[in-house]
Amino acid sequence: MLREGEIRIPSGCAISGIVNKQGVRFSGRDVIKSIALMHDRSNGLGGGFAAYGIYPEYAEHYAFHMYYDDITIKDYTEEFLSSRFNIAESHEIPTKKVASIKNSPIVWRYFVKPKSEFIDEDCGCDEFVMKIVMMINAKFDGAFVASSGKNMGAFKGVGYPEEIGEFFRLDEYKGYIWTSHGRFPTNTPGWWGGAHPFTLLDWSIVHNGEISSYGANKRYLEMFGYQLSLQTDTEAITYAFDLLVRKHGLDIETACSVLAPPFWRNMERMEPAKKEMYTALRAVYGNLLLNGPFSIILGTSKGIVALNDRIKLRPLVAATKGDNLYVSSEESAIREICPSPDNVWTPKGGEPVIGMLEKEETRDAYQYATA
Amino acid sequence: MPISMQLPDYLVDRDPNRCITCKVCVNQCANDVHHWDKDVDSVIAEEEKCVNCHRCVIYCPTHALKIRRNPTEYKENHYWNSSTIRGIDRQAEGGGVLLTGMGTDKPIPIYWDRLFLNASQVTNPSIDPLREPMEIRTYLGSKPDNVIIKDGKLIKELPPQLVLDAPIMFGALSFGAISLSAVKSLAKAATDCGVMWNTGEGGLHRDVYEYGKNCIVQVASGRFGVDAEYLNAGSAIEIKIGQGAKPGIGGHLPGEKVGEEVSKTRMIPVGSDAISPAPHHDIYSIEDLRQLIYALKEATRYTKPVSVKVSAVHNVAAIASGIVRAGADIVAIDGVRGGTGAAPLRTRDSVGIPAELALAAVDSRLRQEGIRNQASLVIAGGIRNSSDIVKAIALGADACYIGTAALITMGCRMCQTCYTGKCNWGICTQDPKLVKRLNPEIGAQRLTNLIHAWSHEIKELLGGMGINALESLRGNRLMLRGVGLSETEYRILGILPAGE
Amino acid sequence: MKRVYAREEVCAGCKLCEVYCATAHSEYPSSILKAFQRQETRPVARILVEVDQPLTFALQCRHCEEADCTQGCITGAMTKDPETGIVTNDESRCVGCWTCVLVCPYGAIKRDESGHKVASKCDLCSNNDTNPICVQKCPNNALIFAEISKGGD
């Protein structure tokens, strides 16, 4: 049986995400509760979380979450990592025994900074980390970088999302953004690396859908040096954001209009400057258009963006309550943790829901109450 | 005179019970097959002249006519078969190069038919084009690596682009090779459909300048009809290096076809042979091509994309890469099945490679080199229907040229005797009595119908795959699976076998 | 009035208009085969394709405003309908003197070659509500049935 990365596996899914726009950090308890309500949208073959603001003590370090199949590859990878990075701290990620979670890999965490000799004008720290991550994921058999951003981390594995959350003791972490994913793959992903969210630097994506444009997206991204080793849509979407925002300098909203662009006929009605811009974006980045059904939540250290495909073939609901923005596959999953939101709506296809932090600094919620 | 060894290729079956001796067949056959014989009070046929163009069959008001292949058998021989023997007979009697028209009719493997498209089932929904928007608009031209935007405005304009409402263009068919009626049909249909037509190397007749917005003007080795006004009259310029039907050789329009109108349009004297040299004599290498590309861009002030069309030959991937690096905005690849008004038979049937393999190789190569976005890729040479187009786009093409299919739409019956100048359908001829048989209004309407029909079919196929924008199919080889190909062919096509 | 006009630039000279006209005015207007094979005399077309290649065009009665044929007719068989403007020949009154053939400036009136004494001419298929059969059947749209004003002359 081929494992994920060697084969493409269509999936159905549940997604849920929360951001506090004031940067108030709160525990992972809520997001677990929200995604758990949508239990039937997953089938126990994949679940995961991304959390931002969880490592304030190492905020300037890249936090590597590593999955190893065995000690040999761990030793080998660590030797490689220490040749490229100054490692400030490394330890096993604390976990809890959960009956249904089996065959977990060795999960390890490193806080690192690239060694200065590898960094120059052509290759900044982010670029260098990205290259290393891609190299490990493509070439190091039995090692997988689950996340590599600053002050954030991905926790994912094979199981129902609420079980994965319990396994990784996420109620003990505090973050200002939490996103989550429950997966319904149509065959066995076979390993933990294939679960979602997929991350790159501080990008993370949870995604519900099957992108019919995957082959076109993949081959376009490959031209810009991305190696799509997992054969998942999520990976492609993450790289697309990375290319558009980090490398090409587009803002998030514009990047969303590349992934889910306006229809040509709607562009015809735009005022000339706008029309020219959208036409150029679509003509140039047409191969990055995400076609087919999807709803995604993009997490970054600065906030979240939720986006639907252009004709809304997957569910996505949004709600606000005070400084909190909630996005989820189902309204029930929001009301489960926020029974009386200020505002609930169903975003239109192709129209991003953007929840950016309003402050630079973050703080903890001392009395963060849930229903 | 020694007796001819050539047997008539066809027999004319005339049903005496249906023939009303109206003589429509007599007045319509430019090959003088049908004659009225008043001695016997009936129409008789000189069958050796028949080319099976169906003009008489379709015009006969009582369906009294059928054309059959001559049933006379040659001694059975798999190797020395009848077409081989007939070719030798023709040369033994004529002493010339065997000429033919249209694309090759040899049983070259048809990769299109070995490729199968995907459709959505359960895990994602197919999309109904009758209910949902389905977009097949296409931009041809060089695309930068990235778009720079500041304060919601585009900072740097895109290089010039061709906008197509469907990924279909009419391939190069020159005035001279085809009639002005055919040119007008193509020009009008392209304009009505929002696609492009191509002058070939025939220049731009005054009557079709009005269709310049939807025209690609070609610059070929003979430079016929090329001047500044011509270059600026179209929306794009195409440098023709080669064509699929006859890679490596030039063109020859005999003087008898160069009448007043062709003469004016091609800017050559009436009655003179129009000879396109095999190479451009100012392009003996890739750096020369760059000079011509930029000369044309200068001449049109960088407002028009420049295309370079080459035959699909063995080294096509490297050649295409060089063309892109030389500054072309569009690369057109013409496969071995490409059509022609006249080509040496042996060249047509044995030089060049199939478009499918060439396309896959070129697209892969340009992506490997990271320059695929710098030029659009147009594929030509035997595109028969909308699913060929969809498969071509999945393999990596931006758009397709159709030539033969367009000719058939205008009435061509593929009799392959274009080079005789006696096209009974008024398409491939300059004889005024034949030219007027093609009514450009009807020709344009039929072509428009075809483009619309194919557009609908492309949308249906896209919707089935769960795709609602053509750019999501471009180069999306996961949408293809192959059947019955060799490992090498799978590798070159970059697709998986069905079942995997 | 609406008349049939030839577009010589797209006339293929095939003469199918003649075949269909002859059939439509035969004893078997719905069958070409019967018209040409069962009618005792060969059906006659009331339209004629003039051929001087590459020039070809179909010609038929112009239904003139001041029709010489109506004035020349000795029996009053040839008349112009004041309502429709169509010039027709009343076959029961025609005696076959052929004066009309003589005076027609277009040569659009023919003797019925079968020896029948009736003059044969276009009636614009006045029994039909639709376009004349020649217009309907022209394979290259080289005949049109239209009202074209003379204003531009």
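To keep things simple, chains are lettered A, B and C as they appear, and every chain counts its residues starting from 1.
The criterion applied here is as follows: a residue touches a chain if its C-beta (ideal position, glycine included) is under 8 Å from a C-beta of that chain, and two chains touch if they have at least 3 such contacts.
Since this is a predicted model, take the numbers as computed values, not measurements.
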Open item on the list: Quick check of your reading of the touch definition: is the inter-chain graph here a line, ring, star, complete or other?
Closed with: line
TODO: From the Cα centroids, identify the chain that ends up most central relative to all protein Cα atoms.
DONE: B
Task: Euclidean distance of C-alpha centroids - chain A vs chain B, Å - done: 48
- [ ] Mind checking the centre-to-centre distance between chain A and chain C? Centres are C-alpha means, answer in whole Å.
- [x] 81
Open item on the list: Using mean CA coordinates as chain centres, what's the gap between chain B and chain C in Å?
Closed with: 44
TODO: Spell out the part of chain B that touches chain C in their complex, as residue ranges.
DONE: 18, 20, 22-24, 27-28, 59, 61-62, 426, 431-433, 436-437, 439, 441-442
Task: Touching residues (chain side chain C, partner chain B) in the complex - done: 8-16, 18-20, 32-33, 36-37, 51, 53-54, 56, 139-142
Task: Touching residues on chain B, where the partner in the complex is chain A - done: 120, 123-125, 127, 132-133, 135, 137, 139, 141, 143-149, 152-154, 157-158, 161, 367, 370, 372-373, 394, 465-469, 471-479
Open item on the list: Taking the touch rule as given, give the residues of chain A at its contact with chain B in the complex, in rising order.
Closed with: 8, 10-12, 186, 209-210, 212-220, 222-224, 247-251, 254, 261, 263-265, 273-274, 276-277, 279-287, 289-293, 310-311, 313
